[in-house]
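Read from first to last, the chains carry the letters A, B, C and D; within each, the first residue is number 1.
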Amino acid sequence: MGVEFEREDYQFLTELGLAPENLGCYGGGVWRANGPTVTSINPSDNEPIATVREASLEDYEDSMKACADARRMWMLTPAPKRGEIVRQIGDGLRAKLPLLGKLVSLEMGKILPEGIGEVQEFIDMCDYAVGLSRQLSGSIIPSERPNHAMMEVWNPLGIVGVITAFNFPCAVLGWNACIALVCGNCVVWKGAPTTPLVTLATTRIIAEVFERNKLPGGIFTCVCGGAEIGSAIAHDARIPLVSFTGSTKVGMLVQSIVHARHGKVLLELSGNNAIIVMDDAVLPLAIRAVLFAAVGTAGQRCTTCRRLIVHEKVYDDMLEGLLKAYKQVKVGNSVEGDTLCGPLHSKLSMSGFTEGIKK
Amino acid sequence: MGVEFEREDYQFLTELGLAPENLGCYGGGVWRANGPTVTSINPSDNEPIATVREASLEDYEDSMKACADARRMWMLTPAPKRGEIVRQIGDGLRAKLPLLGKLVSLEMGKILPEGIGEVQEFIDMCDYAVGLSRQLSGSIIPSERPNHAMMEVWNPLGIVGVITAFNFPCAVLGWNACIALVCGNCVVWKGAPTTPLVTLATTRIIAEVFERNKLPGGIFTCVCGGAEIGSAIAHDARIPLVSFTGSTKVGMLVQSIVHARHGKVLLELSGNNAIIVMDDAVLPLAIRAVLFAAVGTAGQRCTTCRRLIVHEKVYDDMLEGLLKAYKQVKVGNSVEGDTLCGPLHSKLSMSGFTEGIKK
Amino acid sequence: MGVEFEREDYQFLTELGLAPENLGCYGGGVWRANGPTVTSINPSDNEPIATVREASLEDYEDSMKACADARRMWMLTPAPKRGEIVRQIGDGLRAKLPLLGKLVSLEMGKILPEGIGEVQEFIDMCDYAVGLSRQLSGSIIPSERPNHAMMEVWNPLGIVGVITAFNFPCAVLGWNACIALVCGNCVVWKGAPTTPLVTLATTRIIAEVFERNKLPGGIFTCVCGGAEIGSAIAHDARIPLVSFTGSTKVGMLVQSIVHARHGKVLLELSGNNAIIVMDDAVLPLAIRAVLFAAVGTAGQRCTTCRRLIVHEKVYDDMLEGLLKAYKQVKVGNSVEGDTLCGPLHSKLSMSGFTEGIKK
Amino acid sequence: MGVEFEREDYQFLTELGLAPENLGCYGGGVWRANGPTVTSINPSDNEPIATVREASLEDYEDSMKACADARRMWMLTPAPKRGEIVRQIGDGLRAKLPLLGKLVSLEMGKILPEGIGEVQEFIDMCDYAVGLSRQLSGSIIPSERPNHAMMEVWNPLGIVGVITAFNFPCAVLGWNACIALVCGNCVVWKGAPTTPLVTLATTRIIAEVFERNKLPGGIFTCVCGGAEIGSAIAHDARIPLVSFTGSTKVGMLVQSIVHARHGKVLLELSGNNAIIVMDDAVLPLAIRAVLFAAVGTAGQRCTTCRRLIVHEKVYDDMLEGLLKAYKQVKVGNSVEGDTLCGPLHSKLSMSGFTEGIKK
């Protein structure tokens, strides 16, 4: 494969370990991929960035075997030593913060400060989890029986599956993986099919830490793929906990599959938030709050403000203020410095948005 | 000794186990007293209520021996069973709530609702401590050493000394004793020399519970007395923790004595609170707050408002409002229903107050 | 209806508010029932004890309306005051402990000490929950944003549905209801169809507390019934949390129904416990442990020992010891003093057991 | 001043910012010193390493003014941002781990692995404290008053004084300073008079972080000195909490001074530990444990084993085993690789030890 990007503005991707063509599965410490090839599209110009070969079900199975093999060793690693690994992951992310943040912006379409902010969230999670690694305390509880006490100790689950969505292609892994790892769990990650480059670049940073510390690569597994891989994770009895971020519809499906095999789920699903503006509101503050809540991430967050309920006494002023504020929002290429609103993530998002407006 | 009170309005005291003459030391399950005799004075009319013979140092020593003997047995009693004893103490207090509350009002001089409220606080502490008795959990902390964990368990100290003040002759024992008892500690209590009847009536309710449950009387010890007994407690190396409520001056002395023998202290000392009224204050609310804070317990609380700092813009209105409010405060006999401000507790309090005003 | 029981040994039931014929629905503070009539059978002699008219779906709906009406008021009641109500429920149970314990033994078939122990568990839960009612603390969390902090507060869910099983007809309600009530939730209870008398007697004790405190009866609702009522609870969107104790099969069904409407579940399902006896075991201790684990509640607990895995070196001794121990177990009428193993709960249990042995 | 060390084996000290002559006070971001000059002695050969000019009382006062000025700004800095500073201190220590560990070994006299281990402890504390910086949560506590809740928030004290001892010249600062800093307190440190080089080298690492982040130097203050400076800290009402590690005698004195001004103390004082060897002990394990406990840090730890109580049945075997083990302990120069027991720290330590043996 060629390793040079033709477009000059993509050459920073090589510093993240990416190439025009990439393998989309990291399992047992080995990069591989035998599934279909997908192309990552730049939502700012609808041009391809690079291609990623996704994992086949055989790749998934091979990776999961290595992951299951690594479980016992990782569970028995002292929690503070697991914390030290997570600390190094944080340092790895720090070293690549501007580059990885720019890739998040490039591939997802959110503006550059948001892309960098997302990686910073992951770094903050690492710090938090390192501290937790010395605080995962069990309890010794008084018993009503003489000379007895009860003990409650937290044990790792073994493997945590993490399925993330396109709108936070990096941070959501951080929330889940940092805690899962310090708690003694291996992690299997499936990122969104439309943000595979963020998935791979993030995985490279994490993999490098495990490799440098001579730990089994199976502790962190990454499997690029679509619904077929997601379904494999949901059905896989080796994965006692599946964390899913995405639509309510798919989340409910994942939940019922995982529960049917007595697994646990963590669900981060859709939202439909309203902001209520009362007649005694401080309007400049309210306008800025609404603007940020509605326009941030081009409205593609679960916490996006979708409805605005305004008291009639301030309706006209609020509307006028918002119109003025919206006019100042520069829409444009996500990675450009003065853009305040980037593109919608995909043609699907765009048609959904257009349909929604029509209604 | 005669057991009948001559004054009809004191006859309710017999239901609290009191008589015109009383023994002021309960140790090892036995009532005794060989010290000086003090007379409890009704601050509303400066007439005697009853006499109490205080503990001699020999009484103290005999009581402490029984207390020390009871330590091991009580420490080894399961915490939830200790909680059950505290629950029964709460029920004992509930059964005597109006009577004991009235005695608090009568002997201390605070108004009746405050006297009853003080006993209710003790009851609430019992409920709280009962719940705690199943929650005194230790920790199992992750270690960085493979196959090791650290354990941290709370052990009883053994004996907790509680020295309380005249202004809360009942509740402060409750705060200390309920927690100390469920945690597995014996309690040695010295109440204020001027409120011995509350001390004895409260002790009778507690003692009855230990007796009914056939537990050693030494678990709860009561020693009426003055500075000599207080000093004995402070110096007693069998008492690892001394809780003292009273003046800052005496508290600092207790602290230095206890620390010199490597003991621990809990100090609840003087206060000097100010209320600041800004120019945007809601005056009726501020006036009510100041009134309650300054007049409650006739100004004899550590939390009493001693200074009022008022913005010049609202100074006149505030002053006028306060004057009007103060005129409505009925000063009188503490146990009478419509009294809003009872007497100061003693002649000493009165002379201190008068001196203070002069300055 | 007649209120006298013909059998002399059932006359104690009147002290629990039961009669030969009973209404099986308590909703909005009113007893009612328009559903089918079921007969409670004494498993020790297979004779009827009394009949209970179950709730119709209309009764359920009427009761739920009252429950939903009471929600807001109960949510806004301060937690310590909710704790006081639970404390009084504990006192109500204490007053009826021997009688209610005997009814549990009579109707469920477990031996008398287990019946009484089950009620005691409920009482212990009340004490624990009262303590919790002053400890349901939220958090004020440091923010990385200057002059900001985050607040996290626990709010009531509103209504908690509790579906319990025949083998712990009283205690399991206690585990759920005590916590639900102090947390500010109304409770809707469906007991097992074969233990309706325990359900009604327990409800009477609880109802009496709400009535005495002049609180809406809707805060605690009891609905005797079968699968139809269980299904109504599972589907009812007014019930954000359903706690279910019973078979894994039914529990999984309840889970999928509740989750489909975005509700939460608490499941306490089947078990299949083994005891492993190693060659260095202290055999007398192991034998006693196995005996208690296998014979307690006639083997009808989720924690019952179902399999025994014995090291070959101690197999013969263990077997001999167990045979000897089993011979000393007196099987008989559950409420009789010297019985160590009562009857299986029902003909269905017996046929299941016989089938199991055949395999 | 000359900046080159004559002895080649001391040249690594320049990488720690040390010179043959050093200023011993860092306050308000400035190095200064006008007090007496002390010489740091290498306990392995009793030769001087370098000199340090200590702080005068004027230096102390100037430094404290800068510290007090920095208080408000640091208190108001968001806790997670304070955590980020502590994280960078940890990284600074990591970068100098072998050098600073070697200096601890050189100047204190403990063996090299112990010197490095001590710095590692500080690093671990940094990681722990960074995690804590997002967890210093206050509470929102249910109130019995309708529509009210109570809030409890942790506020910084302002300035924490840390007085450390010669035997852990680096780690003890870490335990105290990491927590104090993330909690929002400025730190004033006085190290032991005989280990000033460790004090200065550690301070340089910390100071560099504050300088790089353009934070007031007053947040971390270091004052080399003897009893005069220690006394100034104890009496200084600007320092609400003094943490003291050292002898019980001095600790008790510090405590009484600090308490007399209503301050708080943290005391880490002397120990006198015994090991009891029972007749069923695993002797090889016991011998190794006793050896490590008695010989580690040349017996100069508060946790050092000072007494050995051996069951008569194993006395002879234990003695023989210990004699054999002691013979294998290589006593020598602390920084040399195969030394297992370094020198006593000072001539004073040696005379104390010799006197002790005579008794």
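To be clear about the criterion, a residue touches a chain if its C-beta (ideal position, glycine included) is under 8 Å from a C-beta of that chain, and two chains touch if they have at least 3 such contacts.
Small disclaimer: the values here were computed from a predicted structure and weren't measured.
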item	value
Graph separation of chain A and chain C (steps between touching chains)	1
Farthest-lying chain, centroid of Cα atoms versus that of chain C	D
B-C or A-B - the one linked by more C-beta pairs in contact	A-B
Euclidean distance of C-alpha centroids - chain B vs chain D, Å	42
Rounded Å distance, chain B centre to chain C centre (Cα mean)	42
Whole-Å separation of chain centres (CA-atom averages), chain A against chain B	57
Interface hub residues of chain A, defined as touching at least two other chains	80, 124, 133-135, 144
Residue ranges of chain A in contact with chain C within the complex	124, 144, 252, 255-256, 259-260
Of chain C, residues touching chain D in the complex	76-81, 133-149, 151-153
Complex contact set, residues of chain D against chain A	80, 83-84, 87, 124, 127-135
